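Some structures to go through are shown next.
Both of the next two complexes hold chain A, though its partner changes from chain B to chain C.
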Partner chain A sequence: MKPAPFEYHRPSSLADALELLADLPDAEPLAGNQSLSILMSNRLASPDHLVDINDLDELSYVEADNGSVAVGALVRHREIERSGTLAQALPVFPEAAGKIAGPVVRNRGTLGGSLGEGDPAGNYPCVAAALEADLELASAGGSRTVSADEFFIATMFTDREEDELITGITVPRDPFPPARTGQTFLAVKEAAQTWPTLSVAGAVRVDDPEDEEPVLEDARVALANAAEVPLRVPGAEGEIEGEPLSEAGLAAAGETAYEAVNPEEELHADETYKRELAREYTKRALTTAHDRAVA
Partner chain B sequence: MSVDDTGRSERPTQEITVTVNGESVTAEVEPRLKLSDFLRSHLELRTVRVGCEQGVCGACTVEFDGTVAKSCMLYAVQADGREVTTVEALSEDGNLHPIQEAFHEEHALQCGFCTSGFLMATRDLLAENPDPEREEIEGALADNICRCTGYQNIYDAVETAADKLEGE
Partner chain C sequence: MSEADTRAETDAEVEGEPEPEGQSFTGQGLNRVEDHRILTGRAEYVHDISPEGCLEMGLVRTTRAHAEIRDIDTSAAEAHPECALVLTGEDIAAEYNPMPCGLTEMSEWALAKEKVHFAGEPVALVVAEDRYVVEDIVDLVDVRYDGLDPVVDAVAAREDETVIHEDVGTNVPDSEELRFGDPEGAFAAADTVVEGEYSWGRISGVPLETGGAVAEYDPDADTFHIDANMQLHTLVDNTVFETLGYDAEDVRIEVPPDVGGSFGTKIAMHRYMCLTAMASQQLDGTPVKYVEDRVENLQGGDMHSSDREYTVRVAVDDDGTVRGFDFEFLDDFGAFPRYPINQVLKPLAVLTNGYDVEHVRYSYDLVLTNKTSQTAYRGFGVDPHLYALEMALDEAARELGVDPYDFRQINFIPPGSMPYTLPSKNIYDSGDYPAALERIRETVEEAEVCEGGLLDPDVVESRREAGKYRGVAYTLHIEPGVSGADWTNRQRSDRDDLSERDREDVAELPEHLRAEVLEDGTVRAYLATDSSGQGHQTLVSQLLADELGVLPSDIEVDYLDSVDAPTEYGSAASRMAVMLSGAAAGLGDRMVEQFERLAADHWGVGTAAVTYREGTVTRQDGPETLSLADLAALDTDREESLTRASYDYQHPATELEDFDEALARKLPVYPTAAFAANAPIVEVDVATGEVELLKFYSLRDCGTQLNPVIVEGQSHGGLAQGIGAALIEEFGYDDRGQPQSVTLFDYLLPSTTNVPEMVLEHSETPSPFTVTGAKGTGEGGMIDGPAAIASSINRALEPFDVVVDEIPATANRLRRQLRDQGE
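Let's look at the complex of A and B:
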């Protein structure tokens, strides 16, 4: 359980970090180290260089204006869990953050690390897919923006180039006016330390929360650990959009999710069980999001 | 306090200076040396338990840079210029800290291997939430595994510790 030897670098600015990532062969960024260290301890990863980005305060921000919410890559799970700004603007983020491991892990783990790991069971990848987040990537050569949809390619395989660093994400606020929107993140999980068997991020916007039968203008569902990428299920969303929430609509959304997933079988969860979880938790997430939108 | 690591390794090392339990320590370490191994083996702080070495068990939990962290998921080089606190710093003049007293009184340990991690996590919880609900206690200790007690006595001990600290 000891990692292979590596050289350690601790740059104090983003520019210096990007130079190091550009110049050093086989270098990995080191942030919260709550996943990378496990890979390295088990010798599943043995980078020659670690570029410690923990001193890059410029990547530690949570900002919301009228148009979008921006969160820096170095923001810790614990900070996201407790962010008043996010609780108000995009409450699914704090809820998802609070369901990552326990508080000791959340003290260190970062948004960028979780996204960069590209684990389809991860909480933030699922939320990013549901909310159509954009990821900001920087390298010594410049920066670019990639949608969550394009970023996650396969299990632990993303669009990030080796010399690039995730610097943050932005989420458009337009689809999620707090007064008419409900969001939730649900996880089926045995213990804090284990991966979820399945998780789901859900969001619902209604036309008028005061109305007796408010119409669902926009619905979002994404599932984690249900395919080799965080899986948005537009078909399920379409089943309930454009009308008031109904049992029939929820049932159809659940069935769509059951068919859409492509889950890996696990020791305590065979494929059928995970499909059934996808069906049930899609319904639960949409119901909870709806109830919060009209509350 | 200083540590002589001469001959420990022929691989490249880096010099670090860390404040451990209030004392400045300078040492030459390999970058891949985990903070947990640095504390336990190099500095002989035996309350730092090396269990799973991959962030699951919580036995190596210490205070790092103002928050609790699993020291097997930090490299000692990362602690350069920073502060680390271990259970050794809890007791004063041979007297148990109120949290340690509470764990003793409530039989919150059997083999004791996990106890240091629970003490540090409890200390962190009570520092910011002096009167936690049972559910909050369970959440705060979710990163720590105990294979003996079944946790109930540990949760009781945290409640007792909260009462003791409140009475101080």
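Let's look at the complex of A and C:
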């Protein structure tokens, strides 16, 4: 568990960082370093250069206006977990952040790092997929915006070019008016220190929370660790949208999720089991989100 | 239950002389003397040992499960400017011996030669200035293989389609069938026979500190000094010196006083010790150090443990009386057996657990596969046995329609039968099992089966409506303590001749303890065993303080290396509480006698005229006294030192005729029977199979407690390991023999999110066989936790007719069982 030799760089501005990423062959950006050094120590990754972006204060922001919420790539899990702005605007983010590993990891790990790793078991990729977030990518040549849907391509493989840096994400607020929206993030984990066997991000908007039987205007379900990308399940959403929540609708949503997933088998989770978890947790997430929307 | 209550319930004849309250350090919960240095970062581990000029070693490990080595090209590695040494299996075979194995017909090269047998097996070593460079050079060694079919499934391995060790000729190098009583008769006569199959996954101890060794060869003296965090350094040091081709006294093995856990796993440390020693010798005495990283430890550290498939049959009558048991199992030992026969036979020491059953058949197949070798782990094979037995009983209770609590009570050994001889000839020393089980049930019912309790019937019902099934089972488990040594070389005996063997042929190992009075009047004691966190220094200072009438703080406890210490068993099998008690008592008597003799000599009087008490010898006919410091001064010029003494405490079973048959026949001899009555409360989410442990109630009895703080710590740690084993821990392999649990993301250790509140009660039923009444408690929790948790899950899932058939009882496995039941 010793990394191969590498050269370490610590730029003090975004421009310098992008310059380094453009100029250096085989360079990896380093932020919270909660995953990269594990790969490097086991020599599963041996970049020649590390570009440490921890000094780029301009990537550390949480901003909300009426139209959207923007979160910088260098914001730590702990900050997301405790952000009042996010708790009010997009509570699924703090909830998902609080379920990442333990406090020590959360103090260091960053939003950008988790998204950039492209692990389909990650919490933020799943949330980003559910909320239709946009990722902001910058390079020395300019910047671009990619939807979460397009960003995640396969396990540990994303649309980010080698000379690009994720600078942050933007989430539209329109679909999620706090007074009529409920959100949740549920994770099934054998132990705190490992990846979830499966997790789910859910959001539900109702027409009128005061109504006896409010109609679900918009539902979102995305599953983590259920396919080679964070998996949005529009079919499940469609089963419950446009009518009040019902047992039959939930059951149909669950069945849709059961069929939609394409999970990797693990030591303690075969394919059938993961499908069952997808079914059950889709139902639970939608129920919880709904209950919160009408509460 | 207070201590007094239990003592009152104990058979009068097993009661020891009660110590006057407040005058004895033994029995008090003194803080451990080890803890201050550990908690303040002052403990020195093997990793901290770095002699001047020390180089570091790394290992090239194969990623193949089974392959022939076609060629190893070390030229690029050797051309690296900082490379000090590269050795392959062929290199070491030219000068050294293969390492001894647990079966005499087998042996193993410290570096694979000709073929590799498991993913993670070392094929070459590299030495350089530091570990970073070492790993760079490791990457330059080019090994070419011709792949072979991996043997992964232990059941299929028995067919010998692919044989791993061609010289052995089979993947099943050992099996034995033992019959006690008349099992055939019992099964034929019983009203019902219930049969079940139970699987125990590859589970083991994962110490915080991985294995490590620092070796230095002395070219002038032609000897070795090896510092290593090994367990049992006086018993299994042969695995090192025989491999090096030297005599025992030429290879000095020293274990640091602080070892970050072992749990049995560091008994098999010889590979690293041999390789660092060989490397140092090849480098003309330059010291060489190696410490495993975590991946190495988990995938190829020779530290996995029991991996069994059981078929258990129970012969039972309609009234609930169990007439007989039939245990049949295979144990997947991986590529090379380490301590296999002992591990598959230790369950004979608790063959029928707490039940009075005379007729038992017991048979095993010891199977080799392309996996990392097993070694010992806390419980040493007893844990899976108790699990399989209790599951079969739960199954039988259901079949008979008897409450599982009542079923167990019907079959318990009556307290009046103690000491109780098992059909397998081991003897339980003391214990009232029916009372203990009743007590734990009462405790739980009072605290939890009531309003506001976890098992409030209304709460249980409403949780069920939400798909969450709660349950608690009451089970009792025996922890056999203080293994004898003689039976453990059963594999080197002709087993057919054992029934004729003489009691006189039994060669047990005593426990050695020595001490000396220092110039300042304090005492320094020397342990011949090594420690890995148990608190032996604390225990010896308490015991010896009582013997000598001084304060524990006046006694420092040090360790002997393998050359200075006699061969003895060491810290394993819950031995030390009993063996150190006996050794301290014997040593204390001897020292007091010597102090009095020295003083009498000095004053020119007979020994009857002097008395030693509390650190001072007093002359009865005069005012003179001599302190321990005075005695040390008087002793400096004497030919025969009287302020130093050593004592060898004989294994207690050798002093009791009752054990003669077990000893002579080399059947497991464990003269103490600690026990635990458990009641873990579980909740199972039926839709997902997830188990939540809500609270763990346990009544624990390890005889007289030498130090209740240590006993409590052993219980907490053991139960945490038991919980991990029961629910999440497992070294998995895929069907190509690739290890699936090589990091702590995959081998899941229990944390605060898995370990619930424990409500522990400690009772004391002293052992009539030991000096202090202690029984030992090194393996509790891990032995009794998994079976207890599984039984509670059975209770929770009774409506679905599920009996846990696999440990760990992971969520996906419980879901599989529920799904099979149509849920």
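Things to note:
Rule of thumb we're sticking to: the second predicted complex is superposed on the first by the 295 of 295 C-alpha atoms of A that agree within 3 Å, B and C clash if a C-alpha of one lies under 4 Å from a C-alpha of the other, contacts with A are read in each partner's own complex, and residues count from 1 in each chain.
Note that in this section a contact is a pair of C-beta atoms (placed from the backbone, for glycine too) under 8 Å apart; a residue touches a chain by one contact, two chains touch by 3 or more.
Note that the coordinates shown come from a computational prediction; the quantities given were computed from them, not determined experimentally.
In the superposed pair of complexes, A:67 makes contact with neither chain B nor chain C. Contact with neither chain B nor chain C is seen for A:172 once the two complexes are overlaid on the shared chain.
Judged by the touch definition given at the top, the superposed model places A:42 against both chain B and chain C. Of the two partner chains placed around the shared chain by superposition, neither chain B nor chain C is touched by A:242.
In the superposed pair of complexes, A:141 makes contact with neither chain B nor chain C.
In the superposition on chain A, A:192 contacts both chain B and chain C.
In the superposition on chain A, A:5 contacts both chain B and chain C. Taken together, the two complexes place residues 1-5, 38, 42, 191-193 of chain A in contact with chain B and also with chain C. By the touch criterion stated above, chain A contacts chain C in their complex at residues 1-5, 38, 42-43, 188, 190-195, 197, 267-270, 272-273, 276-277, 280-281. Within the complex, the chain C residues that touch chain A are 131-132, 134-136, 139, 293-295, 687-690, 727-728, 730, 732, 740-741, 743-746, 748-754, 808, 810-813, 815-816, 819.
Contact residues on chain B toward chain A in their complex (touch as defined above): 11-12, 14, 30-32, 34, 37, 52-56, 58, 61, 67-70, 72-75, 77-78, 80, 121, 124-125, 139-145.
Chain contact summary for the complex, chain A toward chain B: residues 1-8, 10, 30, 33-34, 37-38, 41-42, 50, 52, 54, 78, 101-105, 107-108, 191-193.
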